[in-house]
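Which chain is which? They are A, B, C, D and E, in the order written, and residues in each are numbered from 1.
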Amino acid sequence: MKQLIDISKELFESKQVGYIIGYAEDKFKRVKPFVAYSSLDTERFVFNNNSVNNLAVYLTRLPKAKEGKIGIVAKGCDIKSIIALIQENQIKRDDVIIIGVNCNSVVNQIDEQFSKENTAIKCKYCQVRTPAHYDYLVGEIKEVELPEDKNFAIMQKLDSMSAEEKWNFWEAEFEKCVKCYACRQVCPLCYCEQCIVDKSMPRWIDSSATTKGNFAWNMIRAFHLSGRCIGCNECERACPAEIPLSLLNRKMGMVAINEFNYRHGTDINQPTLIGNYNVNDKEDFIM
Amino acid sequence: MENEKFEPKIVAFVCNWCTYTGADLAGTSRLKQQTNARLIRVPCTGRIDPVFIIKAFEKGADGVLVSGCHPNDCHYNTGNFHARRRWIFFRQLLDFVGIDSSRLYFSWVSASEGKKWVDVVDGVINSVREKGPFNGYKKLNKEIEIPVK
Amino acid sequence: MENNHVHPTIQKIINLTNQDPANCYQCGKCSAGCPVRDYFDDAPNRVIRFVQLGLYDRALKSKAIWLCAGCQTCSSRCPQNFEPAKFMDALREIAAEEGIAPSDKNVQKFHKAFLNQIKNNGRSFELGLIRDYKLATGKLFQDIDAAPTAILKGKIGFTPHKIKDTKKIKSIIDKAVKGNTK
Amino acid sequence: MRIGVFICHCGENIGRTVDCPSVASACANFSGVVHAEDYKYMCSDPGQNLIKQAIKEKNLDAVVVGSCSPHMHEKTFRKACSDAGINPFLVEMANLREHCSWIHDDVPSATRKAIDLVRMLVEKVKFNEPLIPIRVPVTKRALVIGGGISGIQASLDIANAGYEVVLVEKEPSIGGHMSQLSETFPTLDCSQCILTPRMVEVYQHPRIKLVSYSEVENVEGFIGNFSVTIRKKARSVKDELCTGCGLCVQKCPIKKVALSDFDEGLATRPAMYVPFPQAVPNIPVIDRSVCTYFKTGKCQLCKKVCGREAIDFEQQDQLIKEDVGAIIVATGYKLYTIDKKPDESMIKGYGEYGYGKFKDVVDGLQFERIASASGPTSGEMLRPSDKTTPKKIVFIQCVGSRDESKGFSYCSKICCMYTAKHAMLYKHKVHDGEAYVFYMDIRAGGKNYDEFVRRAIEEDGVKYIRGRVSKIYEENGKLIVKGEDTLAGVRVEIDADMVVLATAMIAQNDSVKLAQTLSVSYDKYGFFNESHPKLKPVETSTGGIFLAGACNAPRDIPDSVSMASAAAAKALVLFGSDVLEREPVVAKVNEATCAGCFYCQKVCAYNAIEQKEIKDRQGNVIKVVAYVNSGLCQGCGTCNATCPSKSVELLGFKDDQIYAQINSFAEVF
Amino acid sequence: MNFGYYPGCSLSGTAKEFDLSLKEVLKYLDTDLQEINDWCCCGASSAHSASHLLSVALPARNLILAKEQGMKEIVAPCAACFNRLKVAQHELKTDDHIRINTEELLDTKYSDGINVLNLISLFQQIGLEKIKSNAKVDFSKLNVACYYGCLLVRPHDILKFDDPENPTTMEEVVKATGAKPVDWNFKVECCGAAHSIAHTEIVENLSMKILDDAINYKANVIVVACPMCHSNLDMRQKNIIKHNPGRNKIPILYLSQLIGLSLGLDHKKLGLDLHFIDTAPLIASLSENEVAV
């Protein structure tokens, strides 16, 4: 923690940053996103198992710093979002200073105590506990115990179902959706100025929260994130209806890996999956 | 109505240069086919947005066919390559939510493949007919029609 | 590569070699470079041609398929990436299966004797091999001058090295050679 | 909106299977349709007049014609409606013939389908917008890339028609491979004798700007409006001062320092050189890699002898810009030199033929130089190793061609002819010599071509052997050629003195890079692709760029010259008008909603999407959005489908237009 | 260094000296060989003449044994064995049909992952520098014709070892001993191979051409890496001379024997006395130049 605060202070004092996005505790001792605008503010910075939020979302939401760059405290997974944003022209690498943090897993249910059972889904298959890309690196890696990947088991089970069973599964899930768009708001890669769901000429997706419209919304969102989603799972965490959105995004992520051996947000210079092609792309499904 | 023989509704999105022209050739050659398909002409398979397909299903299509130029034959050089990459994701996504691949078909049909076009269209119609109506959306459409008390 | 319109013999060749004789465009490079071609009745490209024409019998009765040394010079130089050496192997196998008498008995008897050695010992045992071959062909005096030197120098042992699991080897060979499943 | 629907019977063609009157009456009930009628032949003059009349009488503002394929009569009906005052892009066609009546038998269901098809387009047309054709001015000036016979021909044709040409050649001289040839088939006239006058004509032509020793670096813009950057490589000689006296070349002390490219490595040249005596322009080049001055800082002999002070050791590469309206690509071919197989494998070409190992195994162009009067042997038939006359010579065809294993699967087309020519030239010079040709098939399609081959066999006694050679090895000073005569079924072994390999014609090394610079497509071998193999053989996929000669596929001189003239004609057609009109089916960006992810830019095959900065009043950049250059956009709509927020849309096929069609594809839901 | 070892039948019989010399040289170069327990014959050219399946199944058995015995890399000095093992590996990897049939026949699952080395690639792994720095005998006057035969280089697509028309890797090894490789025509020509017994006349003719060319290009010795090639060039040479009187003899050495000689190892232990064509004159001419250690 001291390391984090020291670096942050130094960044302010050397006038390199305009503000730093990080985590701080509120008066109820809950860890929340916090923007430090001065050296003094950085005293409040914390990082622990409750630092679950993907702060990269603020990079496109907050106004640009008046002077200096934007500093951001980020876990390995969050840094993938930052790289993705750079790959997609949303920010320039030179405009951010990334304070990477070694991460020892974060909570799933923020209201409950962190434990082996209460560990976020993404941590169960995390490969970037030590970030792969950063300007500064703080914190230490400790041994962590991970629970089994139940999410994956559900995905496999779904894969083995018949079309009708799958449809029924999702119908039951999507029925619950209230179109609050929390999933979109919390997603660092949902940076469109006007979302397709808000478009009325034509209205591709019913705006009322009917199951039909919910199907369209969730499918289109998953499709628009195909080959792009970096798996931070903030959408599922934010969903008040507890729809297992991670299943959709993870499925598409696996397509990207299996068909193209591609992981978005791992390399700034890597050509994006959508937007490029290979003449030898698989086409066994095309008559 | 219930006893009426099921006739599938098929929407086909085809590119202007290869498949649409191939379908023209099927016509000029008087190659007979079933009447279930409705073609929507777009310049290129690159123009075909997956939302079109979702919308077609929502509107009652029992099957959707997407067809364009063979690889390397695209009138716009690379449109079909980009389309193909999208399809790889989209069809697996649809399959995952329960719209399986026996309702969504893809084909390359060139301007000279009138016969292939007929085979593709009839093949799709037959297999969707065998599969039966797509009730998923029909059920949801009904739900909307019921007035809320 | 399965196709209904293909003749069963061609299909068998395709299955055994993963290549279609139609690929050959008869340039003759295989025959030009074949080291044993001068001892053949029909040049390798002709044997392929027979098969292309459907004259399977002529191909299967050809001496060439038995005299092919398997050196693969042809395969490595074929401009069509066809492998005549593999093709010859397949024809030999088919000829044996169809009970067509080999047009070169020596070669066939040698191979038989060789496999017999493996069957009995799991390895080839040269003295036994030579003995078996000579008994089969009646060429009792061939190599009579070389053999004693070899034996004298300890190059040919008197007793075979047997492996432990000869039973297994015997059953493998019996199954593979008779009831080829492919 | 007031829509008119017109249903055509096409005589019996539609009317037989589709009940046209009931289609028309069904359509009359569609919302927005104020007029619907059917007629026997809508495309006939009375039919068109019917439409025009209805437009005026019913004050229509959109039209749907249910008739044949839009590929057939879209232009006709758009024109008719335009005459009557409707914007042509407010006209849609429902394909009731090719896609309905001709492919169905059952009248009720075909009629139902016809109604659906019309309805879908009625719904679409409601969202159509009037579009105005895009007009772009034409720069009436052409760029020709490559100064071989194709480039020369195209340049002369365009220049003689009165337009300026910039001719770029990467070598120090124009002339290309044709200048290396001894004599040409099937007439056996001297290649240089017919070529050099053309080269001089190019040089002296007032409308041709020859830029030699230069390469095209970058191309921007679109049909009628290209901006080209050319890299002029440093010659170390000021071309505006040099008179071509040749004194510097004579005095250059580094005489036999490098192998001559022009002589295919069979002769040497000095560090300061002109590739061959008739070079155009006749300006020497310093090969900096071998020049003593550039290596040690001493010598400068050339500078001392030059009376014009034309030598410039400090010269740098220069970038020059040219604006042109059309580009002709005539970059030609390269001979497969078999030094390396074009893949990662460790095979080095044709090891079995000993090419590169045995000095007397040469390729086709090397033989041309040996046979040429201007060549290293002054045309005397002497073999490279010991300069003796070969008494037995073997020619092998299809080396690298029709060879999937070590070369390319295509036929190089010209080798049959040039091998016959080679064998003849040999026999004409060595009367008592024996010439053998190993071939697989003789492909001599062309005027007087097969007669030429027969002449080689019948009059000159060249022995043709049908079969490929398997191995060549050296034994006691002879090259033993092991082949097979597949006709006789016998092995042939020839103890030859010299062997000539007719190696494949392949694409230039940098052809793919150039294709990418020009945004034209290319095949897997690196040859540039024509737009249509039959009907657009000289056009490329990019408007305003044309192909000539062997850069498109293996091709001989007469074919290359005719293709060059054809390409020139295409450029001249373009120059025939002052402005170009293009269909306005192009993409357009909604800058308000564009988030600047630029996925659209990635998928665009035409580089038509640019980045545009949106600034506030103080001039600060607020955001960067996509911008479509409508001159480059070809209207595929891939950007539209890729854009997640649908901020870029393809005019004529906008989202609401397609939505309307999907929304109405069947009667009952 | 440690490698698995698949000697093959010949090395335990007619090519005894190949086995002897290889082991002797490797001992000197600190390299251990661990023989695959209970290996069987690879089937050589006879198996693929009788059954395609058998030609895969026999090598597969050995590969499976090697894996079970914890080996990752095995050396197959005999070119024929090397070839059969590599080809079988390739077929098992690329053709599911043959893999399933093989597994059925052997009653075991096959899994890929053994790296098969031939004699030359073994020495490449050990390091030519090691041979060079340990060379004790002056070979500078020795002209060597390197003979690869068929099976080391063909089929190239599968073996991926050296250029199939003009290989040079064995020359590199020979150069490390200080000897001079000659550039000749028939490095990869066939000697008649398995016809040695059934058609001696063919083998004699083919081998004679090879011997002639080597002598023509001034070679003092032919070096081989294949027992079949050796027996054809060495044993058959006697009859060739008998049938064509007045010919010169040329000794045939295994590559391992040549290296052993250059390392100054005991001639008897290298099995140099076991050849049909006497190697003594060659060795004698060398020892005149032997340098003191």
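The rule we apply is simple: a contact is a pair of C-beta atoms (placed from the backbone, for glycine too) under 8 Å apart; a residue touches a chain by one contact, two chains touch by 3 or more.
This is a predicted model, so every value here is computed, not measured.
Peer 1: Which is the least count of steps on a path of touching chains running from subunit A to subunit E?
Peer 2: 2
Peer 1: Could you name all chains that are in contact with subunit A and with subunit B at the same time?
Peer 2: Chains touching both subunit A and subunit B: D.
Peer 1: Could you tell me which chain's Cα centre is nearest to the average position of every protein Cα atom shown?
Peer 2: Nearest to the common C-alpha centre lies chain D.
Peer 1: With contacts counted as defined, which of the two, C-D or B-D, has more C-beta pairs across the interface?
Peer 2: B-D
Peer 1: On a CA-centroid basis, which chain has its centre farthest from subunit C's?
Peer 2: A
Peer 1: Quick one: report the Å distance separating subunit B from subunit D, using the average Cα coordinate of each chain.
Peer 2: 35
Peer 1: Can you compute the centre-to-centre distance for subunit C and subunit E, using the mean CA position of each chain? Integer Å is fine.
Peer 2: The separation of the two C-alpha centroids amounts to 22 Å.
Peer 1: Averaging over Cα atoms per chain, report the distance between subunit A and subunit D in Å.
Peer 2: Roughly 47 Å, centre to centre.
Peer 1: In whole angstrom, how far does the Cα centroid of subunit D sit from the Cα centroid of subunit E?
Peer 2: Here subunit D and subunit E have centroids separated by 52 Å.
Peer 1: Going by the touch rule set out above, which residues of subunit A reach two or more other chains?
Peer 2: 196, 204, 274-276
Peer 1: For subunit C, write out the residues touching at least two other chains, lowest number first.
Peer 2: 73
Peer 1: Please list all residues of subunit D that touch 2 or more other chains.
Peer 2: 352, 603, 642, 655, 659, in rising order.
Peer 1: Mind listing each pair of touching chains for me?
Peer 2: A-B, A-D, B-D, C-D, C-E, D-E
Peer 1: Within their complex, state which residues of subunit B touch subunit A.
Peer 2: Interface residues on subunit B, with respect to subunit A: 50-51, 54-55, 58, 71-72, 78, 81-82, 84-102, 105-108, 120, 123, 136-137, 140-141, 143-144.
Peer 1: Along subunit A, where are the residues that touch subunit D in the complex?
Peer 2: 88-90, 191-196, 199, 201-202, 204, 224, 271-272, 274-276
Peer 1: Write out the stretch or stretches of subunit D touching subunit C in their complex.
Peer 2: Subunit D residues touching subunit C: 352, 398, 402-407, 440, 466-471, 482-486, 489, 491-492.
Peer 1: Applying the document's contact rule, which stretches of subunit E touch subunit D when the two form their complex?
Peer 2: For subunit E paired with subunit D, touching residues are 156, 160, 162-166, 185-186, 213, 216.
Peer 1: Which stretch or stretches of subunit C touch subunit D in the complex?
Peer 2: Contacts found on subunit C: 25-34, 37-38, 42-43, 45-46, 73, 77-81.
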